[in-house]
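There are structures below to look over.
Each of the two complexes below includes chain A, the first together with chain B, the second together with chain C.
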Partner chain A sequence: MTTEYKRSKNLQSLIHFSYTVPYLLLFLCWLVIPIIAGFLVSLTKWTFISGKYQLVGLKNYVDAFADELFLKGIQNTIYYTVMTVIGGNLFSFFLAYGLTRVQRFRNLFRKVFFIPLLLSVGITGIMWRWLYNTDFGLLNYYLGFFGLKNTNWLGDARISMPAVALMAIWGSCGFNMLIYYAGIREIPTELKEAATIDGAGGFYQLWSIILPLIRPKILFCLVMSTIGSIQVFDRAYMLTGVGPYFANYTAIFHIYYQAFRYFRMGYASACAFVLALLILAFTSLLFRFLGKHEEYY
Partner chain B sequence: MTERFVNRWIWNLVLGLFAVVMLLPIFWMLVTSLKPATEVYQDPPQILPSTLRPANYVDLFQQPGVPLVRWFWNSVFLAIFSTFLVVSISSLTAFAFARLEFPFRDQLFFLIVAAMVVPAQVTLVPVYIILQKLRWIDTYKALIIPGLAGPFGVFLLRQFFLNVPSEIEEAARIDGCGNLRIFFQIILPLARPALTTLAIFTALGSWNGFFWPLIVTNSLNMRTLPIGLAILNGQWWSEQHLLMAAGFTCGFPIFILYLIFENQIEKGVTAMSFR
Partner chain C sequence: MTILNQSLHWMQWPENRLKVASLILLLTLSACDPFPGSKQQATSTTTEKTRISFWNGFTGPDGQTMWEIVRQFEADYPQYEVEMEIIPWSTYFDKLMVSLGSGKPPDVFILHENELVNYVLQDAIRPLDDLVNGPQGVPVSDCLSSIWERVRIKVPGQSEANIYGIPLDCHDEAVYYNKDCFRQLGVPLPEQLDRDNFFHLARQLTIDQDKDGRPDQWGFVFGGSVRRHLYTLTAQFGGQFLDRENGICLIDQPASQKALQILYDAINKDGYMPNPIHDGSNLWQGFLQGRIAMYTDGIWMMNGMKKLADFDWGVLPYPQLGDQKAVWASSHVLCLPRFSDTIDGEAAWIFLTYLSNHGVDWSDGGQLPARYSQLASPDFTQKEHYPVFAAQIPDIIFGPNDPNIIEIETRMEPCLLSAMSGQQPMLKMVQEIKGSVESILRRGVD
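On to the complex of A and B.
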């Protein structure tokens, strides 16, 4: 009886485990092994075409930190990240807050603000490059009303990265807006009413009721947009490529070029790990400052 | 009361202004796509063109060496297919991790969560080399299969399945339901919101994917829509009207889909943040 029971129990465990096998195989082949292999490759000099490789230890990492182009890429990436994360979240929150203040056109506005998110970066890229056109673009035309001279948005090294960031904010604000909007609406109305009765103005309400209560949402949006922004490539690629004087050359550009143009697989892998550490550092900082025993949902 | 009324209309005005500004790039794309080639490059630009030329859209599809329809279908096919696979594989796996028992279950799950922290670029080189060895470069397999390993779906759905009350499951077990019936007839229907969230994110991620398709495809016919448009973006300098027509053609179907599934998409997005 007991042995039979035990055997059927084992069989049951095996059947239960078997449900996870398809995923675990994929997980092993395309994630676990590549992560380990990626680290091993980063310790070698491997040009891929020749197929020969030699172990060089941490040399690739040392090289990465001495590579001016890579450092420039990291610097540009951080510049872009700061602009889009701060600018984008402020704008998204502003839109979300505004949505809770209007009634009749609320649904219409919400739809409109979400639309840019659906267009793939291929479409938004060509759209904005035409918009930014120096002589025939709509942006310079409208700015001309304010007496501004034609600006070479994508050709001027000082503003080409902000131009990419502006497109990014336009293209992705709808996502965070929906999350902030839902967060503000979840706040019990009694709280707001109590504050109003106590004579709290709109700003006080915003600062001491809404913002603290949606802190988990703020953390979530900041983390998601930081992770997304540090991996910026496509938007810059569509608008400017590496940009004037490499102004839009991001860290991913560097990895892409090193791996698939110069076939320095080991070096590219090392750069990827450095970038990964940067992402981890940024997100853990955010959690440190904004997260207190929050549950990931 | 009046103060509140004024307040509301100020916000209406401000948001309305932003709505117009945000739609302007799309409107400008549509207008440019309908202009005759001679009127595209004009200073000052004509917001409302004097002559409309819808034939641009016919011209677009007659351009040699531009398989626009193929690119579009590649992207649609990839989005549908990988969403279907991700949702089915993740849900079955998440079900086992949430509701069934087997040895090392929690340790395995911890490993999966830990892998979620690792950003995608670190696997780039090895995955590319594996695909190269398998001769999968420039195939749909290369575009779909490595992406199925992402742990996010398993994580999201497990969290949701954990919250399904166990009484329902126990009652079903007493009635003689096996694991799979419980999965298909109880857990999955109850988890529809979470499945929708996962589906939307997978589909949007695939539809907007850029870096991966750029690397693993190289023939013109295997390119996805974003990459195809990037190619045109580099080639067409004086055919701005055609470029805009291409962009509008590809954006329009998605817009219609959005209008149809708007509610589910919004619920899906908002369900995904920290609680």
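On to the complex of A and C.
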């Protein structure tokens, strides 16, 4: 290997690296530095407006774990996450699977399912609030045909969070559906044909061929859904606020209120880091169970 | 293959690689403007008028009233131009906080009187004593004394209280009633509501025509936030919600207990009020549709009511259900920021006093003026319904004056609503509110 070749290689690497510089600068300014700054803030009692601060060590973290409302927020967040991640991904997958099985109007359905994702949460929030309205809502109107009494969807502490989750599943199913749809379409038809010749039925093909082969897509969708769900705020805020007796009070609500309403920046930052750890724990679990890389074809 | 070979071949030219690297460097550097203020300076030197930025949360019809006053100010003072920004209250405080922290706040902004103390302790508000007592000052003796006490705040470490805001208005609550509901039942319109006639009247006006167990017309609604009614009724029974000096929440004391009992019974025992958990968002609409005979809410609803031509309505004072008169009230307060890179203090003060002097005009937006002289002026006293609200001024009470009051109220409102509606046991909610409020009081201000 000549010196000239090495120099040429180094220069080439430098050029390749330079392509990433704009992104790295943004990444540094908008992510790395704020994360470090956020952690430092979490160790202080900081008066944001006047800029005065006092180092308090880990007190904010201790306070966070002793704060019943924050723990309630975490509990609600996990409840919501489980509902939306499992329910949403199942729904999206079956939509995608159904789409691969139909021939007519496939493109139309694909667009229709994707439309909710394009609408602002503000608009869909108002729309769903009317759908859920106890007296005039369409949901209760149609349920009335089956002899069911009017349900107080958003005012009953037991069902208001599932009501928010249902709206979220509807709103975000289009994105995951496209990923699953692409994944299923990528599977070589030879595999399915061979399975059919071997006598495998629809369910067996789904279980033994489709699901294992789209595992990377499932992992991606689960991870993205989990991160999005743990950060839930806008949908709950639009539909119910904190909800009846804090039923829809999520961890982000707590962080938002503490930081921007009560001016407790240090404490809010500590809560945000606890939430980040929760996201890390959830995604690590998903990678552990679904992240094994296996090549099937 | 040809394309691939060509691209590899191209990359082997050192001068081309240098050109690409230079281009990327140029693009990256060009994104960073070394003179960020140059454009702004160029613009500001061409403007002749002094700009005053003014933020508020008057998103309803009151915003239109404020616009008219601002335009009048610009006509009266042609050297000034007001940039008024109306921001929904739900996001107003986020934006205000960030602007105050970044040193670029509005020149004049609005806070509610109960929010003031927290901002003062955050060192965000400019003391106004020198301006109030200066040549273009505000006549202190003319301002409503009860509100004035709320804007005079003593910061720990200082020997005397300072003035941190100028009251723009006062807003209290009263009972809006639908005259048709009374006429249809042949019930005479009362002059006032007290414990002798209130409960009987509320039940009398509650009608279940189809006998399905759900009234078709409700007698009375304690509208808006439950906590406001708790403050009012507790005060009527001679109590208060907080003992700040000793850090005690008094919600478990007899006065508050009687107040809570009235609110609970309204739904669960007497049944003259629909459950806000079921119908919360529709209650005001229900009143406008004639399904609710009497509805308590603030004077700010007047602005919308005036436009209802076919709706025959009136206003009664807030019911006196306890031993003494009392009604919750609050006030919008005009403030100047303490830290600002942009403020023109003189212009801001002139604008602020102009707004304060035009309290009668502002009352068109559904408010009471905050000055005795304005309340007594014929322009105000001749307004229909307003005098009912104004007559309650001697009896107004404010919410607790604690720097953490927003957190306290956010914490207790869902508990109160759950208890009042019967979703959670009252005793459990009272204990929970007491525990959490006292914990916040112990913690103090961060």
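By definition in this document, the second predicted complex is superposed on the first by the 259 of 297 C-alpha atoms of A that agree within 3 Å, B and C clash if a C-alpha of one lies under 4 Å from a C-alpha of the other, contacts with A are read in each partner's own complex, and residues count from 1 in each chain.
The working rule: a contact is a pair of C-beta atoms (placed from the backbone, for glycine too) under 8 Å apart; a residue touches a chain by one contact, two chains touch by 3 or more.
Predicted model, so just to flag it, every value in this text is computed and none were measured.
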Query = Is A:49 in contact with chain B, with chain C, with both, or with neither (first, second, both, neither)?
reply = second
- Message: Between chain B and chain C, whom does A:61 touch in the aligned arrangement: first, second, both, or neither?
- Response: neither
Determine, under the contact definition given at the top, whether A:135 touches first (chain B), second (chain C), both, or neither.
both
Practice prompt. Applying the touch criterion given at the start, work out whether A:246 contacts chain B, chain C, both or neither, answering first, second, both or neither.
Written response: second
- Partner chain(s) touched by A:157 [first = chain B, second = chain C, both, neither]: second
| task | Considering only the touch criterion stated at the top, classify A:287 as touching first (chain B), second (chain C), both, or neither. | result | neither
Of the two partners chain B and chain C, more of chain A gets touched by chain B
Give one of first, second, both or neither to describe whether A:19 is in contact with chain B, with chain C, with both, or with none. both
Look at A:170 in the shared chain and tell me whether it touches chain B only, chain C only, both, or neither; answer first, second, both or neither. first
Could you say whether A:261 touches chain B, chain C, both of them, or neither, answering first, second, both or neither?
-> second
Chain A positions within both the chain B interface and the chain C interface are 14-15, 19, 22, 48, 129, 135-136, 260
Per the touch rule above, chain B residues touching chain A in the complex are 7-8, 11-12, 14-16, 18-19, 22-26, 28-29, 32, 40-45, 47, 75, 89-90, 92-93, 95-97, 100-103, 108, 111-112, 115, 117-130, 145-146, 148-151, 154, 159, 179, 204, 207-208, 210-211, 215, 225-230, 232-233, 240, 243-244, 246-247, 250-251, 254-255, 258, 262, 265-266, 269-270, 272-275
Within the complex, chain A is touched by chain C residues 11, 14, 17, 20-21, 24-25, 27-28, 31, 93-94, 97, 100-101, 118-119, 122-124, 277-282, 339, 404, 406-407, 410-411, 414-415, 417-418, 423-424, 436, 446
Residue set of chain A touching chain B in the complex reads 13-17, 19-20, 22-24, 26-27, 29-35, 37-39, 41, 48, 95, 98-99, 101-105, 108-131, 135-138, 141, 144, 170, 175, 178-179, 181-183, 202, 216-217, 219-221, 227, 231, 233-234, 237-238, 252, 255-256, 259-260, 265, 268-269, 272-273, 275-276, 279-280, 294-297
Seen from chain A, its contact residues with chain C in the complex are 11-12, 14-15, 18-19, 21-22, 25, 45, 47-52, 68-69, 129, 133-136, 152, 155-157, 242-246, 257, 260-264, 266-267
